[in-house]
Amino acid sequence: MITAGIDCGSKNTKVVLMKEGNILSTASVLSGFDQEESAEQALNSALEKAGIKRDEVKHITATGAGMEAIKFSNDTITTITADARGTYLLFPSTRTIIDIGAEEGLVVKIDDQGKVKDFGINEKCAAGAGAFIEAMSRALEVDIETMGELSLKSTKKIPMNAQCTIFAESEVVSLIHQKTLKEDIIRAVHDAIADRNTSMVRQIGIEKDVALIGGVANNIGFVDAMNKNLGFDLLVPKDRIAPEYVSALGAALIAQEKSGG
Amino acid sequence: MVENKYPTEPLKCWNKAKILRENYYKDFAEAHEKGGLRWAGGAWSFDAIPAGLGDDVYSLTGEPYGATVAFNDKLALECQEATEAKGFARDLCSYMRNYWGSILINKYAWPQFSEEFPKPDFIWQDHICCSHAKWYQVASDLEGGIPMFSIDVSVGPYEKRTEHKINYIVGQMHDGINWLEKVTGRDYDDELLIQAVKNEFRSCHYWSAICELNKAIPAPLDEKSMYSLYVLGTLRKSAQWAADFYEKELYPEVKDRVERGIAAIGNERCRIMTDTQPPWAFLRIFRYLEQFGCVSVGSLYTFGLIGLWEVKEDGTWGPKSIPDIEITNRDEALRALTDWNLSKPEWQHFYHPKLKSDMMIRIAKEWKLDGVFLHYNRGCEGLSLGIAENRLAIQKAGIPTMPFEGNMGDEREFDLARTMKRVDAFMESLGLDKLKQ
Amino acid sequence: MFEQFKEWYDNRHEYAKKWKERTGGKVLGTFCTYVPEEILYAADILPVRILGSHEPQDVSEPHIFAMFCPFCRDCLAQGLKGRYDYLDGITIAQSCLHIRQTFTSWDLHIPVDFRYYLPHPMHVQSPQAIPYLTEELKVFKKAIEEWTGKEISNDDLNRGIEIMNKNRRLLQQVYELRKKPNPPLTGLEAMLMVVSSQMTDKREHNKALEELLQKLPSRSLDESGERLMILGSEDDDTEFVAMVEDLGARIVIDEHCTGTRYFYEEVNTNGDALASIAERYVKRVPCPSKDWPERTRLDHIIKLAKEYDVQGVIVMQMKFCDPHELDTPAIKEALENDVGIPTIFLEFDVTVPIGQFKTRVEAFLEIIREEDLF
Amino acid sequence: MSNAESEKEYWRWTESRYTNPDLSWEDGDIISAGVDVGSVSTQAVIMVDGELYCYSSMRTGSNSPDSANNAMDWALEGTSLPLDKIQYVVGTGYGRVNVPFAKRAITEIACHARGANFIYGPEIRTVLDMGGQDCKAIRCDQRGKVTAFLMNDKCAAGTGRGMEVFADLLQVHINDVGKMSLEVDEEPEPVSSTCVVFAKSEAVGLLRKGWPKEKVLAAYCSAMAHRVVTLLLRLGIEEKFAITGGIAKNVGVVKRIEDELKLKAPEPSIDPQLAGAIGAALFAKALVEKERKKA
């Protein structure tokens, strides 16, 4: 039986198609103003990749910030639960999940059954999230994809003071004025976000293993900063599925249960 | 539409409580017309003491007033921006900023009784939180000078009280009474004081007795309603009308609800408590909880701000017994009043979060709770003091917690949509989804 | 001339560890300047004031809600990171709510042998305050005696008082020199001097001060620029102070609890030692959390501004520090309207955006100077 | 901004330069210049005896000295004035210390007050400068000397940068944002979030609710206006009051500020974004005279 999980993020809409616990295909599109339309597009391209027809999909579960907008989904589930389910499938040893999306970071603690024990959400300030790195990549005129590897070249640790995403930009500009090496600035950016997120995780309490999911997990520079902060290595999805799809994966799994699969 | 598990019915004495509250603000506004006196101070001030000046002395307690302003979001914003324009920081106590704002824009939150903010004749405050005495120091500045007396009660936890600590407070009280006679030109009546002290004993005792009844399943009261009832104690705990209402009307009615199995929420299937003052402009969050069959049975805040408690023979928490003593003079009255107040649950965490964690864990067990909502309240540093440690301790005791940030009196710092999302996730983690309406 | 003080300031932890080895004595971490160090010196204990390190940190969040002041969180972070692992005990004298949490979280999570919360009157303007504090000091003294297993005699107390008083007297003498048209020391040097006195053995610090006072009067620095006062809660932000003085201004006086509020008054020994100590801590220039119903600190600030011939005042507001936030508007008004001294208000965090602050301070100095450009 | 979005640069305001046709530098006595290197824009202004001779206004690059050089070169372009004929250059703004040919740096606060005094006249007592990444409320005397000021650089709401982010989001050109925001029948509730990033997602939410762009812009402009008004109230407003900086050209924000204050800000005769550089150039002139006095 085939099910779909749709994660309507503030920036991207992601879809995962599953069949009996196996991932058939994934797809992602920029979240437009009409989220249902974006979800439709993402779903269709996932169907195309997997070479199956829409009516073969038995159950669709939506999650993420815009889940309410997806009228064609059978039901919805919060990101917290979706993350727990998706991550548990990938790494059953996980007890703490860190999910950093475009605008929001969250931590989920799960037990050995993958059940949610506790969670925390970093709200009110986007400085700890992906949007921060994007703003910085723009200020630095460095391509977002190359931020990660560049920062690993850095040999110097410099602190960032500004809390606000927009003002961190001006701090970055002043660092540039001071002729600071770009890789050092990028590292500082990563360290700043890593600090905010580690303190969010510590607030909930760290229990190993700890997994990192969400788009920002693709940024090796950030992962490195997190690892340094925590003093151990995070589990990051790569082979079976990319980290930004884990919430959608969780939704697809829940869709299977809901439809008795 | 799901069938309700339990019968529900509205509280009979609800309107009475509403009227008592309105009269309080009316009396303050009209005190001078009646030839009486007005004083302002905190909800924790020893209101039994000015009572000795006569029956025509009316008070305005700042915290409940600040909350009243918060209910009116337009007025609240006006007040807050007026204080900010004066150069006061936004992170200060939001009750205090609402109160100052009322002075600055000269608007009373009860325009039906007075358009203008009624200026008090004197300030009678106590001090345990950094903002207590300073609140009225500034208020006096803004009013162009009002005589002020404040009593420091921050002598340490109840369990560690000693003679010299009590002497320090009682000494200030005696000084305060002399001061009251001086600034009002009135003679002080110890009989009225003794009567007020006895009223306060009754108010605090019976409010706790009422909260204790909420141990029952289903809970006869939900916290949202309790807010409108406990408030009387924050207005004038030493008043005859407050004590009588709790002892003779509310307590019997709630007792009767328990006996007849009347529920606050018909579909109760999950019990929680909160912590610190709620974001007053957003009490609908409690209505939202009902969609999950979740009832908040109270909090250390609703139980222990006015209610006093003690451990009974069977080891459980019950209302603190009214002192079985003969009060014959001023000093005895003041000593009894001091000892009584020092046991206030909401005064203990000022010295160590552990004292609060223990009480909260006890409530969670005895009131049979499934979880605890912790309002990280940017509007009140006094009650948010140590809240992070409380969370760790409650978690450790195996009770799920849901922290959320907000502000009791400044809605700019509370995000309803995000908080509801949090609630969804928390309920999901408790295995509860919304009941089909 | 000030190298020794800087050395102490920079290597405070090494100093305390060496002190322990050298003397075999106990080191007690103190929170807030209301802790009566006289009694600690009487018991041959080294009091060290716990301060922050002005680095970003991610360890205090689980313990202290972020709406409380950055200083109290920075201090706790030092403990959680083990930087004070040599402490035998900690003690706090009751003042504001914020620093109290550092003490209680320390108590819960960082093992030390001795912990003492000293209740301290907030109503210092009440006649009841001195007798009450005297009683509390008796209990405190007893607790110390039980901990050290050594009785504290009256002579010990008087010795403790004299050590503290001497330090206060010497610091005062140095501060007197700051009244000169061109003070022989910078604000940064003064800060290092006073703050280091809170983390070293006062007897050693006194020696260093005596040597300093030999040379200092004859020392002459480049012409000082605008004479500034800094005021606020605790402040050991050397980076900021250096930045201000690099702009050509000179900080000539402070009203901080890491500065003058720490050492300004001596203990007047008349009769009972504990009562005399209590009197000093009740009558000292108060922390705003204890300055009510009258705002006695205002007059003191204006007195300092006049004595030190101040041209401008930097109000250094620790973010979220309510007691100070409750006084700031009154202070600004008193300085600007009553005595016509311009002020600038800056909000401080653990780390400061030095670039943004530089622009503000520069613009503030341009208000005071640059008449000839118009 | 995702790269896909940032390719369409709605935020990019038009750069400009100008030469005063009725002025020749040759018969001038004092030739002074001011260069304002802001975090978002850079202006170079050259004055002859305190009169505006020529200027340029362009976007700041990631390197201050270059930005200063480019602005100066462009300002002088088409004029016969060589750089070395300028007797004194004052640098101001974010990169003030990185202006190669400047003899001295003066803060943008002092320069904006002085510039506003030049643009709007000596009766200006309160200046609101809405810059790229901060917002300043300034009180000054009849000479344009600062007497007090307040700055908001904690949050980007109320800054040019914040407005640019919105122009991009709504795909409305930055120059049209203000006008468009006034095309609403009634004023909507201001956006609630102060964080630009969240204000953005709030705006997206409104668009999804089917709000037209102008209504969303109105909600943002009024939030921005309200924010700076609270800053002004904290400083205390004294008439007359004027606005400088890039946002001064945004009628949507300006009108809403005026409505909240019930005060009219005078129409600028010169591009108000030049105020900082003009002030700097006037200070440069004063510094030349000062040197002459000494000599």
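Note that the chains take the letters A, B, C and D in the order they are written out, and that residue 1 is the start of every chain.
The rule is short, and it goes like this: contacts are C-beta pairs under 8 Å (C-beta built on N, C-alpha and C of every residue); 3 or more make two chains touch, one makes a residue touch a chain.
All values reported here derive from a predicted model rather than from experimental measurement.
Trainee: Counting only C-beta pairs in contact, which chains form the busiest pair?
Mentor: Chain pair with the maximum contact count: B-C.
Trainee: In whole angstrom, what separates the CA-based centres of subunit A and subunit D?
Mentor: One centre to the other, that is 38 Å.
Trainee: With chain centres taken as the means of their Cα atoms, state the distance from subunit B to subunit C in Å.
Mentor: Subunit B and subunit C have C-alpha centres separated by 36 Å.
Trainee: Could you tell me the distance, in whole angstrom, between the mean C-alpha positions of subunit B and subunit D?
Mentor: Once rounded, the distance between the two centres reads 50 Å.
Trainee: Of all the residues in subunit B, which ones touch at least 2 other chains?
Mentor: Expected reply: 87, 388, 392.
Trainee: In subunit D, what residues contact two or more other chains?
Mentor: Subunit D, residues with two or more chain partners: 153.
Trainee: If you look at subunit C, which of its residues touch at least two other chains?
Mentor: Within subunit C, residues 61-62, 353 contact more than one other chain.
Trainee: Answer with line, ring, star, complete or other to describe the graph linking chains that touch.
Mentor: Drawn as a graph, the chains make a fully connected set, so complete.
Trainee: Okay, in this complex, where on subunit A does subunit D touch?
Mentor: 10-11, 30, 33-35, 65-66, 69, 103, 124-126, 129, 131, 134-135, 138-141, 143-144, 163-167, 169-170, 173-174, 176-177
Trainee: Considering only the defined contacts, which subunit B positions touch subunit C in the complex?
Mentor: It comes out as residues 86-89, 91-93, 127, 129-131, 133-138, 140-141, 148-152, 154-156, 162, 164-165, 167-168, 171-172, 175, 350-354, 376, 378, 381-382, 384-389, 392.
Trainee: Which residues of subunit A touch subunit C in the complex?
Mentor: 159-162, 167, 171, 174, 192, 195-196, 198-200, 202-203, 205, 229
Trainee: Show me the residue ranges of subunit C that touch subunit A in the complex, using the header's touch definition.
Mentor: Contacts found on subunit C: 55-62, 349, 351-355.
Trainee: Quick one: which bits of subunit D touch subunit A in the complex? Just the residue numbers, please.
Mentor: 1-4, 6, 39, 60, 62-64, 94-95, 98, 133, 153-156, 159, 161-162, 165, 195-198, 201, 204, 207-208
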